[in-house]
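See the structures that follow.
Both of the next two complexes hold chain A, though its partner changes from chain B to chain C.
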Partner chain A sequence: MSGAVRLLLVWAALMALLALTVGAAFLPIGMAKPWVAYAIATAKAILILWFFMEMRRESGLARLAAIAGFVWLAILIMLTATDYLTRRWIM
Partner chain B sequence: MAEGGVQEPFARAARQREAERLGMLIFLASEVMLFGGIFAAALALRLEHPAGYVDAAHHLKLWLGTANTGVLLTSSLCAALAVQAARNGQARWAACALWGAVALGTVFLAIKGVEYAGEYREGLMPGMATTHFEGRTQQLFMNLYFIGTGLHAVHVTFGLALLAAAALNRGARQDRHAMLIGNVALYWHLVDVIWVFLYPTLYLAGVR
Partner chain C sequence: MTDEPRFEHPPEERAPSYLAESHSLRSWFFTTDHKRIALLYLVSITLFFLIGAGAAALIRLDLLTPQGDLLTNDGYNRAFSIHGIIMVWFFLIPSIPNVLGNFLVPIMIGTRDLAFPRLNLLSWYIYILSGLLTLYVVVSGGVDTGWTFYTPLSSVYANGAVVATIVAVFISGFSTILTGLNFIVTIHKLRAPGMTWSRLPLFIWSHYAVSIIFVLATPVLAITLLLVAAERLIGIGVFDPRLGGDPLLFQHLFWFYSHPAVYIMVLPALGVVSELITAAAHKRIFGYWFVAFASIAIAVIGFMVWGHHMFVSGQSVFASAVFSFLSIAVAVPSAIKVYNWTATLYKADVAIDAPLLFALGFIGLFVAGGLTGLMLAMLAIDVHVTDTYFVVAHFHYIMVGGSVTAFFGGLHFWWPKMTGRLYNETLGRIAAILILVGFNITFFPQFLLGYQGMPRRYHVYPPEFQVLHVISSLGAALLAVGYAMPAFYLLWSLLPGGRRAPANPWGASGLEWTTSSPPPKHNFIAQPVVVRQPYDYPLAHPASRDDG
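Up next is the complex of A and B:
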């Protein structure tokens, strides 16, 4: 497959995911809504990182550098959630 | 003897490209952490005031935000195509794709400006004489919205300057390793990834 065609297909997939996430926001799925929205956002980010940012061609070291920020962010988000979700338990 | 375009202390272009790419990725990781604080603050606000957060987000213009997501994703496609064209030796195509990315990035900023103007008219811009919020949660949410999207817009502006500089640089266009264009494109894609997460955090959260 030619490189440009592959990039165009990835772009089409990103647009489809955008349509999907807007559609899902209007579904009556209640508490699941943010989970669906962030799952689709993560899928988009993976597509951008893997194909547009060419992580599929990079060495392990470059991939590690690219993912490092997200790993630390995950720790930040998890500890913040742990704090705010459990505050009411002790009050 | 070093190859053409290779700088000290590198002997080979492939080695220089690897080092430059690694440095850029580490810088981008620091950018992820910079925006990470804003996402953590949004999470804290949403967990503390779930209903108020949704009500505040409902005042944002969902369709302008959605259009901007599409514009930025397409702009990223242009940047990725530019890297590929440079690598294939198609310098003219690389320049066209870079200018395409610049044009779409400018459209993004224009739409953002229209949004900000609307929020100013509705009294939702913090710190203005006409500002009136429905409550503390909406005030905090709008502060977060302007800090998050404002910081992002600053990054878009820098990205546009870098893309234009790369498009004007003959050496960069003709570099078959696409070192400069590749690094600028990486920055532009990360700005896109950040928007991909700002979109559900700010806009989609307001759909009731």
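Up next is the complex of A and C:
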């Protein structure tokens, strides 16, 4: 498969996932709604990392650097959530 | 460094120095030589330091009297905002990495330049662009949000040039990201043959650690500031509760960058001090790996402590307890460094030169700032002194007493290498002592003021605080003299007839001392090969033994 065709297919997959995100917003799934959106967003991020950011061709060191970005994002979200999720514990 | 250099390398092959390569303006403003870019940064940050210091002078003059006779309320807000914004983003953050780091990282690892020389120049131009925008803010009436841009003040109520300031800081972030990227790639890919990770100078380890923070934290600040601008300009609800936002979210995002930013200012300083201490003691550093990994530990743990800025903000008590514990934990690697420097100096035949005096001053001020930081990390004490002068004194001990002192120490230590000239050592020692004394007279009274309840960011205060404020302002005048002195004798050394520096005036180890002063354009005449451990004292070179 040529590079251009591959990129077009990945782009089409991203568009399909976008449509899925919009569609999922109308489903009557209550509290699960944001988690479905997060799951679709994660799939999009993986596609972008793997194909558009060329992680599939990179060395272990570059992949480690990319993973580090997500670890740091996890630190940001986790410790911020430590505040938001526990505000009602002690009034 | 006394009247005559105590150490001298034999005359080496001569190549034109990077300064003598060309003298045209074009050769400076379009240079891709990391050493010249370092000097461009040195001149630029010095100009911003003067503006920031001018704002500080206005603040200290205004605080001489309890009524705030010099500035209006609004004028005072703008003075401390500009002081903070300029000193943090346009002086402290770029000071050591962009001047000393830019100059030394390639030389210390034995390569001819950074991995991306043009990106390095672009970094300087981006810095200048953001600096010019900040100067526009200064002349167009300033900004009154403080350097922290807290919402909803910044997003709803402030009426200064908030968006322009935010854009300036946003742009400057790209400069630091590019520098961090450049350092990481250079340290990974361009080390000289034999320069293994275990042979890296500690200055390099600390710059590696700070580069991680540059790359991982700065984008979060950029996104956060863009969100503030978007809320202010088009009313999207991120931080404004009336629009469904949360003002505390701003503080979380801002401090996720800005607390690590403190380590951006301190980590390079720690690297400088490790070099100064070992060079003065002529000993291998005590516990090399502990000091090296302490830098990495500080960089990583430093990302997990930001909530200690939010203990009284409405953050949950559980989160505060977690952040309190983590903030105390980050003191461990910092303490390791201090203990190891002390152990390195133990029983050493130290040379009491200006760089060592700056380094010793740094250790004292860093310990005082660090221990008061531990006090602030504890919930009960922090609640008592939040938003008082105790906090102001604490962070000035770290960021000014620590980082600026180390910057001056490093500048003195590597000045002969950067310029090929020797400065007047006696004046250097006087300046180091004057800065230490002036700093303590300025900022120690602020601990007392804060503990007694003097709030920060107020310029009208009860008369009983006046004595301590006057002492602090007098100390600031002394400090200003201390800071001005090096500007004169360092520039004086550049005049025709100034004493030439040998390749290794301090008898120090490290690749930078094996090349001429100033170095040739590509740093070394031949590719160096590293065969020894770092800080391998006494020096192997027979002509480098101590003759003094």
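Just a few scattered comments:
One rule holds for everything that comes next: the second predicted complex is superposed on the first by the 91 of 91 C-alpha atoms of A that agree within 3 Å, B and C clash if a C-alpha of one lies under 4 Å from a C-alpha of the other, contacts with A are read in each partner's own complex, and residues count from 1 in each chain.
One rule holds for everything that comes next: a contact is a pair of C-beta atoms (placed from the backbone, for glycine too) under 8 Å apart; a residue touches a chain by one contact, two chains touch by 3 or more.
None of these values were measured; they are calculated from a predicted model.
In the superposition on chain A, A:W35 contacts neither chain B nor chain C.
A count of residues in chain A touched by chain B and by chain C gives the higher number to B. Legend: residue contacts after superposition of the two complexes on their common chain; A:L61 is shown touching both chain B and chain C. Contacts of A:W89 after superposition: chain C is touched, whereas chain B is not reached. After overlaying the two complexes on the shared chain, residue contacts for A:T80 are found with chain B and with chain C alike. Legend: residue contacts after superposition of the two complexes on their common chain; A:W72 is shown touching both chain B and chain C. Once both structures are placed on chain A, chain A residues 61, 68-69, 72, 76, 80, 83-84 are touched by chain B and, in the other complex, by chain C. Residues 188, 212, 216-217, 220, 248-249, 252-253, 256, 303-304, 306-307, 310, 315-319, 322-323 of chain C are the ones touching chain A in the complex.
Residues of chain A touching chain C in their complex: 61, 68-69, 72, 75-76, 79-80, 82-84, 86-87, 89-90. Residue ranges on chain B touching chain A, taken from their complex, read 18, 21-22, 25-26, 28-33, 36-37, 39-40, 43-44, 46-48, 62, 66, 69-70, 73-74, 76-77, 79-81, 83-84, 88, 182, 185-186, 189-190, 192-193, 196-197, 199-200, 204-205, 207.
Listing the residues of chain A that touch chain B in their complex gives 3-4, 7-8, 10-11, 14-15, 18, 21-22, 25-26, 33-34, 37-38, 40-41, 44-45, 48-49, 51-54, 58-59, 61-62, 65-66, 68-70, 72-73, 76-77, 80-81, 83-85.
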